Amino acid sequence: MSPLLEIEGLRVTHDGKPIVDGVDLTLEPGEALALAGESGCGKTTTALATMRLLPPSLEQSGVITLRPEGVAEPINIGRRTETGMRLVRWRHISLVFQGAMNSLDPVQRVGRQLAEAIRLHERASSAELAARIAELLETVGLTAGVGDRYPHELSGGQRQRVMIALALACRPSLVIADEPTTALDVVMQAQVLQLLERLREELGLALILISHDLGVLAETCDRIAVMYAGRIVEIGAVDGVFAAPQHPYTKLLLDSLPVIGDERGLAAAIPGAPPHPGEPPPGCRFRPRCPFSGDRCDVDPDRREVGPRHEAACHYAPWERWPEIEPAAAGEGGAA
Amino acid sequence: MSGERGVRELLLGTWRGRFGIAVLALTVFVAAFGGLLAPYDPYASSTDVLEPPSWSHILGTTENGSDVFSQLLVGTRVSVVVGFAAALISAVVGSIVGLAGGYFGGWTDRILDAFENWFLVIPTLPLMIVLARVLSPSLTVLIAVIGLTSWAGTGRIVRAQVLTLRERPFVERARALGAGDTYIIRTHILPNTLPLIFANTVLIVAVAILSEAALAFLGLGDPTRISWGTMLENAFSSGAPSAGAWWYVVPPGLCITILVLAVSLLGFLFEEYINPRLREAT
Amino acid sequence: MSKGIKVAVTVVVALASFALALVALPAAAQDSTSAAPGGAGNVLRIGWAQDPNTLNPFVGQDEEAYTVWALNWDLPINFSPKTLGPAPGIAESWEVSEDRKTVTLTLDPGMKWSDGKPITSRDVKWSLEQLGGHGILFAGYTSGITRIETPDPETVVIHTKRPDARIVGGLFVYVLPEHVWGKVPLSRLKGQYQPKLPLVGSGPYVVTEYERRKIITMERNPNWRGEPGPYDQVQFIRYGNQDAVERALDLGEIDLVREVESSSFARLGEQEDVSTRRSATPAYTQLAFNLCPERLCPDAEFNPAVQDRTVRQAIAYAVDREKLNEIATRGTSFVANGILPSYYKAFYETPEQTYPFDPDLANQMLDEAGWTLNDDGVREKDGETLSFDLYVRSESPSTVQMAKLIAEMTREIGVEFNVQVVSTDKLYDLTVRYQDGKPAPAFDTFIWGWGGDPYDPSFLLSILTTGEIGGSSDAFYSNAEYDRLYREQTGIFDTEERKAVIQRMVEITQRDLPYLVLTEDPQLQAYRTDEIETIEPICPEETGDLFCDQVSYDGVLALRPVAGASSETGGGNAGLAGLIGLVVGFIGGVIVTRMRSQGRDEPLELSE
Amino acid sequence: MSGRWLAGKVGAAVLTLVFVLVFNFFLFRAVGDPTSQLARLPGATDEQIEQLREDYGLDKPLLGQFADYVGDTVTLDLGISQTTREPVWDEIVAALPWTLLLVGTGTLLATLIGAWMGVKAATHRGTRTDDGLLGFSLFTYASPEYWIGIILILVFAVAWPIFPAGQQVTPGVEFASWFDEALDVVDHLILPMTAMTLMLLGQYFLIMRSSMVDVLTEDFITVKRATGLSRERVINRHAVPNALLPLVTLSAIQFGAVAGGAITIETVFSWPGLGELSFNAINDKDFPMLQGTFLVFSFGVIFANLLADVLYFYLDPRVQSR
C-alpha cells in the first residue's frame, strides 16, 4: 500500500531565508503522526504548507503528494492551481487549529459555519444538511442545539469539539491538528484527546498531531517526528523513540517531560534558544545547545536510519547509553 | 524602552519621522521669522489684483493686490501659536481631570467622567463656534475655546492609564509606607503617564490647527491677524475660486494639510512607540 | 455555475452597462435643457449673495429688501430717476399750502392694488401712521408730521409742525394696502408677521414666490398703472456667497448682478458677453475726528490735538485722495469733496475748499501754528504731539489700506497715525462709549462710512448736527450755525434755494473738518450683454451715472432683453451624465474583471 | 441583560442631552442677553429695554427662566430668529432634510468607499496599492474639508464647469417632473457630497484597514481558508463582517466631525441646510438661531451615537449576551 501523504524536500523560505529547511515525511492511511518541537521550529509552517495555506510572503518548494482513498490519481499539491487546491482542502485534508478561542468566526452561528464547509464540497439539501450537522455535533459529544449558538457562547472545550466536528464535516482522510489542546485545561485536554483518538479509530482517519507537549503526543500517536530549527531531527515509532531517543534534542525534550504542558518549563529544561532556521549555526544546528557535542558536529549531519524504521540526524547515533550530565551545566558546556 | 536613543531612532529612522520633523522645524522657523522673510508687507494692497504667479509675486496676489507668499509666511505664526497653545491647554486640563478622576475615583471620578463624556460626544466645531461667537474672536479667545473643548480625549486616556497605575505594586507600596497623594502622583503616577499625555497632545496639535483654520474660515478668526484660515476665508469670499485664482486658494490649504499631516504622523509614531502593539497593526 | 454560463453573464452585464451609459448620457443632458426656466427670454434673473431676511417692512432691515419693495410698492410721492425730482406716485398731484405746513395729496381715483381693490387715502394715512410711526427704517421720515386727514378717498392732507421739504421731496414710506396689513395687530407686524403672497402691491411687479435663502419671484402686476414691464417675471436668485454669484453670471445662469466686489469688477468687465457699470451712490467713506466738546463729553479719551482745526486742515492737505481711490479701491470709487456726495446732483456743487493735495502748504500751516518736529519726526507743541490713533475695521480691507496710506502720507508733514485694525464691534464700542450717562468716545480718529437716503440728503446732513450727539453722530461735532442751517433747509421746498443753504453747510464742515470725506462709494454692477441689450442711462436721463435701483422701479422698467435670447442654464447636467456613465462603466468593469479573475486568485495573506 | 445594556446607553444619551440644555441655557443667558444687543442701539429707551426683558422672560428668577426654557425646548419652541423673525424651529425643520441628505449620502459613500479601500489595502499590505491608498487617505484626513470643497469648485465648476457649485436645485426653474427635479438635486449634490465623502474617507479607511489587518491575523481566517473557501469569500463573508465592527463604534466618534463638516461644506456650497443656517447666524449674530442649530446638532450627534451603539448591538452577537 502506498502512503497517504508523502512530503519530499519541503522548503519554505521568507526573503530567501529558510523557515522549513528540507522536511521529508510519509504518512500511511489511518496512521497518527506526532510532530514535536519547540515553538518556532517550523511545525505549523509545515502543516500549513501541506495545505498550501502559507501567506504570499512565504515561498514553498518540494513535492507533496496526497493519495486519498477513492481517488485514482495521486494529488500533487505543489502543482495544483489555487482553484484546484480549494477542492482538495477540507475534502481530503482538514485542520484543527491551535487556540480554540479564535478558530471560529465570532459573528456567525456555529451551525452556519459547519454548513458552509459542507456545502462547499458537497451538494446537500437543507434537511440533509441539518441532519449532517446534528450528527456531526453528536459525534463530537455535543447536542444538536449547539449549532444555533455563537462561538462566544460556548466553553473552550465545546469550541474545540465544534472545531473537530468542522474538521470531520467532509470526511477527510487526513486531519492535521495543530496544538488542539493548548488553550484548554487539563481535564478538557484529556477529553479532547480521547475524542480525537476515538474518532480516528472509528473513521479510519490519518492524523498529524502537532504539539510541543510530548506527553500529549505519546498517548495518541503511532509515530513521532521531532523538529528542530526547520528540520526533522528524529523520526520513528513512538514507543521506540520514547524508549531510546537517538538525538540529543529528543533526549533532552523527554527529560523535561514531567513539566506537562508548561512551555516555560520546557524552555528551561534546554538552556539557550533555538536558532532561527534562516540563520543556522555552522555545522550541526543543535550543537550550541548540545551537551554531548563533539568534533564531528562541525559538519551538518544528514538524517539516517539508526534503527528499525527509526531515523535520526546525529553523527553519534545510535547512542547506546547517554552520558550523565549536570542539567544546570549543560547549557554552558554547549554554548562554549 | 531605551530612552533617548529610541526616540531618536523613532524620529529619524523612518520616513514618517523625518518628514514630520522636517516640516515641523521648517514651520516653527517660518512662524518665528516669517515676517522677516516675507518679500512684501502682507497687508499692503496694490492695484495688481489677483495676479497669477510671476517673478515679482511667486505665488501671485490676493483680491487686494497683496502678496500671497508673504501672507502665507506671516500667517504661519497664528496656526502654530494657536495649535501649540491650545494643545497645551488641552493637555493640562485633560491631565488634571484624568489624574483626578483616575486617582481619587468615587464621586470625583463619576462627575468628571460624565463631564468628559459630554465633551467627547458634543460636536466640537459647533461648540467652538458658539463659544467664539459669544466671546467675540481674538487670538486668546481662539486658543482658550479650542483648548477647552478638545481635552476630553486626553482626559479619557490619562484616566485609564492612572487606573491601572494605581493598582501597581510600587504605588501600593508607597501608599503603605505612608506617602501622600501629591507625592505619589508626582513621583509615580505622573512620570508614567507623561509619555502618553505627550503623544496625545501632539495629535491634539493637529486638531487645534484644523480647528483654528475652520473657525477663521467661518469668520471667527482673530480679525487683526492673518492666518491660513483667514486667507482661505478672504479668498473664498472675494470670489477667487470663480476667478480661477488657484494660486490664492491652493497654498494656504496645502500648508494646513502638510503641517497637520506632519504633526499627525509624529503623533502616530509616538503612540506606536508607547504602545508597541500598534506597531503590528499599522 | 458552469464556465459557459459565467462567460455569457459577463458579456450580458458588460453590454448592458455600456448601453446604459450611452442612454444615460444624452438623456441626462437633455433633462437639463427641458427643465430650463419657463418662458425663456422673458425672465430677468438677478443674482445676489444674500436675500432679504423678511419681506415685512416693519422689521426688515436689509438693503436687498428695498430692491424688492421698490418694485412692489409706490411711495406717496415717487422719485423720478430721470429728473431727480419728485414724480407722481400714489399721489397723482400735490399742493403745498401758503405757510408750507400743509401738503395736500390727490390720488388717481382709478388706481387699483394688484388684487383689484381700489387704492384710497385710507391706505396712505394708515401707512404713514403705522409703517411711518413704527417701522424701524421709516420712523425718521414722519417725525415732522402732526396730523393726517382723509376728507375723501382721493385726498390726503398732511400737517407738519414746521415746513418740511421731505414730505414732497423724500417721504420714504411705502404705501401698503390697509385692507391687508391693517387687519394684523401692530404687535405682530413688529414681531414675526410674514406677509402673505402674492404680496399685494401697487408697483409694476409683485412678489408671487418667496423661498427664503433661495429665490424671490415677482410677476407683472395686472393693475399696474403704467406701461407693462419688459419682463414677465423678475427673479432674485440667492447664491449664498459672492463667489457663486459671479460664477453664475459667468455661466449665464443669471443676467444681472446688483453688486460686484471691487476686486472682481475689472475681471468681469473683460469677460465675454459681460458688461460692467459703475455708478455713484449716496454713500461715502470718511476719516472722522473726535471733536466732542468738554461740556458734552467730560470723560472722552483722545489726544486733544485732534481738536485743533489747523491740524485737521493740514492733514486734509497732506492726504492725496486721488491716490487713495486709485490704490485702496482700485479706482472704482469716486474722489470725494465734502460731506455731500455728488450723487445728489440737484444739490451738489463742488465746494470752494476742496483741500487739493499740497503737503508743502500743510507743512507751512503747521510751522506757522508753532508745531515743531521732534527727534522722531513727529510735530509737537506745548507737550502735545501730533500722534493719533487711527481705527479701521478689519472687515473692510480697503479702508485698512486707506489708513495705511494716510499714515504714510502724513508722515511727510510730521503727523503720526497709529493704525489700529479692530473689529466692527470694537470700533462701535469705542465710538458709542458712555460714562455716567454721557457720551465718552475713546478714539482720536477712525475711518468708516455712511450711506444716505436715495433722494433726500437730509439724513447725511443730520449726522453732524448737535442733536445727533448721543444718536448717529460719531464725530461729536457741534456748530450752532450748522444746526440752524440744517433746520432751515428741511423747510425749503424750492430746490435752488435749498441747494444754496446746503452749500453753506458744506462749506462750514469743509472749514471745520469733523470729517475728511475720502471717497464716494460706487455701486458696481455687471450684466450679460447676450441677455440684456442695454442698461439705459435713465438715472438721471442724460448720464445715467447714478444708482437708483433701490428707490425706483424705473431701473428695471428701462431694461430691454436681447431679442431671442434663451435663458439656457450653463453647465447643465453634463457632469452628472458623465458621472453616471462612469459609475455604470466602473461597476460593469468590476463585474467583468471579477468574473475573469475567479480562476486565478492569489493566496490570502495569513499569518502563522 | 441585553435590555439593561441598551437602557444604560439610552440613559447616558439622555444625560448628555440634559447637559447640553443646561450649557445652552447658561451660555446664552450669561453672554447673549438679547437686551444687551438692543441696549447698544442708541434709540432704545429704558422702557423698551424693560419691555424686551419681559418679552424674553428675563425678569423672572433664574430657576424660573430655566424651567421656561426647558419647557419651551421640549415643546420645540426654540424662540424667534432675530433676523428672519420666523420661529427658529420652522427654519430648522426646513433646513434639516437638506443636511440629512448631504450628511447621509456623504457618510454612506465614505463608509462604503473607505471600507472598500481599507479592505483592498489590508489584503494588499505592503504593496504599491496599499501605499497609494494610505497616502491618499492620510492626505484627505489632514486637509480641511472646506478647502477640498473650494478646490472641487475650482476644478469642476470653474476650470471645467460640469457641475453646479452652489444651491441644491437650479433656481427659478420649473421642472417637468419630479424625476427631473431629483436629477437636478443630484447634480447639485455631487460636489458637496464629494467634499463630505473625502473628509470622512481617510478616517474610515484607516480604521477599516487596521481593523482588517487585525482580523486577517485571526486563526479563523486560516481555518476558513483551509475549508476550501476562496480568498474572496473568506474576505467578504468572514473578514469584512468582523472588521466592520470596530468601524461602527469608531465611526461614532466621527459624528461630531460630520456636524462640523456640515457647517463648513454647506457654507462653501451654499447648501441650504443646518450648517448654512448656523453660518448665517454667526454672521448675523442671531443668537436664538445659533442656539437652536447647536441644540439640533448636539441632539443629532447624540442620537447618531446611540444609533451606532444599537447597530453594534445587533451586529456583534458578543455584546448581546453581555
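For clarity, chains are labelled A, B, C and D in written order, and residue numbers in each chain start from 1.
Methods note: a contact is a pair of C-beta atoms (placed from the backbone, for glycine too) under 8 Å apart; a residue touches a chain by one contact, two chains touch by 3 or more.
Predicted model only: the values in this text are computed from it and were never measured.
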Subunit C and subunit B - chains in contact with each: D
Maximum centroid distance from subunit C, chain identifier (CA atoms): A
Geometric centre: closest chain by C-alpha means: D
Between A-D and C-D, the pair with more C-beta contacts: C-D
Separation of mean Cα positions, subunit D and subunit A [Å, integer]: 53
Distance from subunit D to subunit C - Cα centre to Cα centre, in angstrom: 35
Distance between chain centroids, defined by C-alpha means - subunit B, subunit D (Å): 22
Contacts with 2+ other chains: residues of subunit B: 236, 241-242
Where subunit D touches two or more other chains at once, by residue number: 153, 157-158, 165, 222, 225, 230-231, 267
Set of subunit A residues in contact with two or more other chains: 48, 53, 82-83
Sites on subunit A touched by subunit D in the complex: 48, 51, 53, 82-83, 86-91, 94-95, 97-99, 102-108, 116-117, 120-121, 150, 152-153, 163, 166, 169
Interface residues, subunit B side, partner subunit D - complex: 114, 117-118, 120-127, 129-131, 133-135, 206, 210, 213-214, 217-220, 232, 235-236, 241-242, 244, 246, 249-250, 252-254, 256-258, 260-261, 264-265, 281-282
Subunit C to subunit D touching residues, read off their complex: 28, 31-32, 34-38, 43, 45, 53-54, 56, 59, 191-194, 212-215, 217, 235, 237-241, 243-244, 247-248, 251, 253, 428, 432, 470-472, 569-571, 573-576, 578-579, 598, 601-607
Touching residues (chain side subunit C, partner subunit B) in the complex: 241-244, 246-247, 250, 261, 263-264, 266-267, 326-328, 330-331, 394-395, 397-398, 400-401, 404, 421-423, 425
Touching residues on subunit D, where the partner in the complex is subunit B: 12, 15-16, 19-20, 27-28, 31-32, 138-139, 141-144, 146-148, 150-151, 153-154, 157-159, 165, 209-210, 213-214, 253, 255-260, 263-264, 267-268, 278-279, 282-283, 285, 287, 290-291, 293-294, 297-298, 301-302, 305
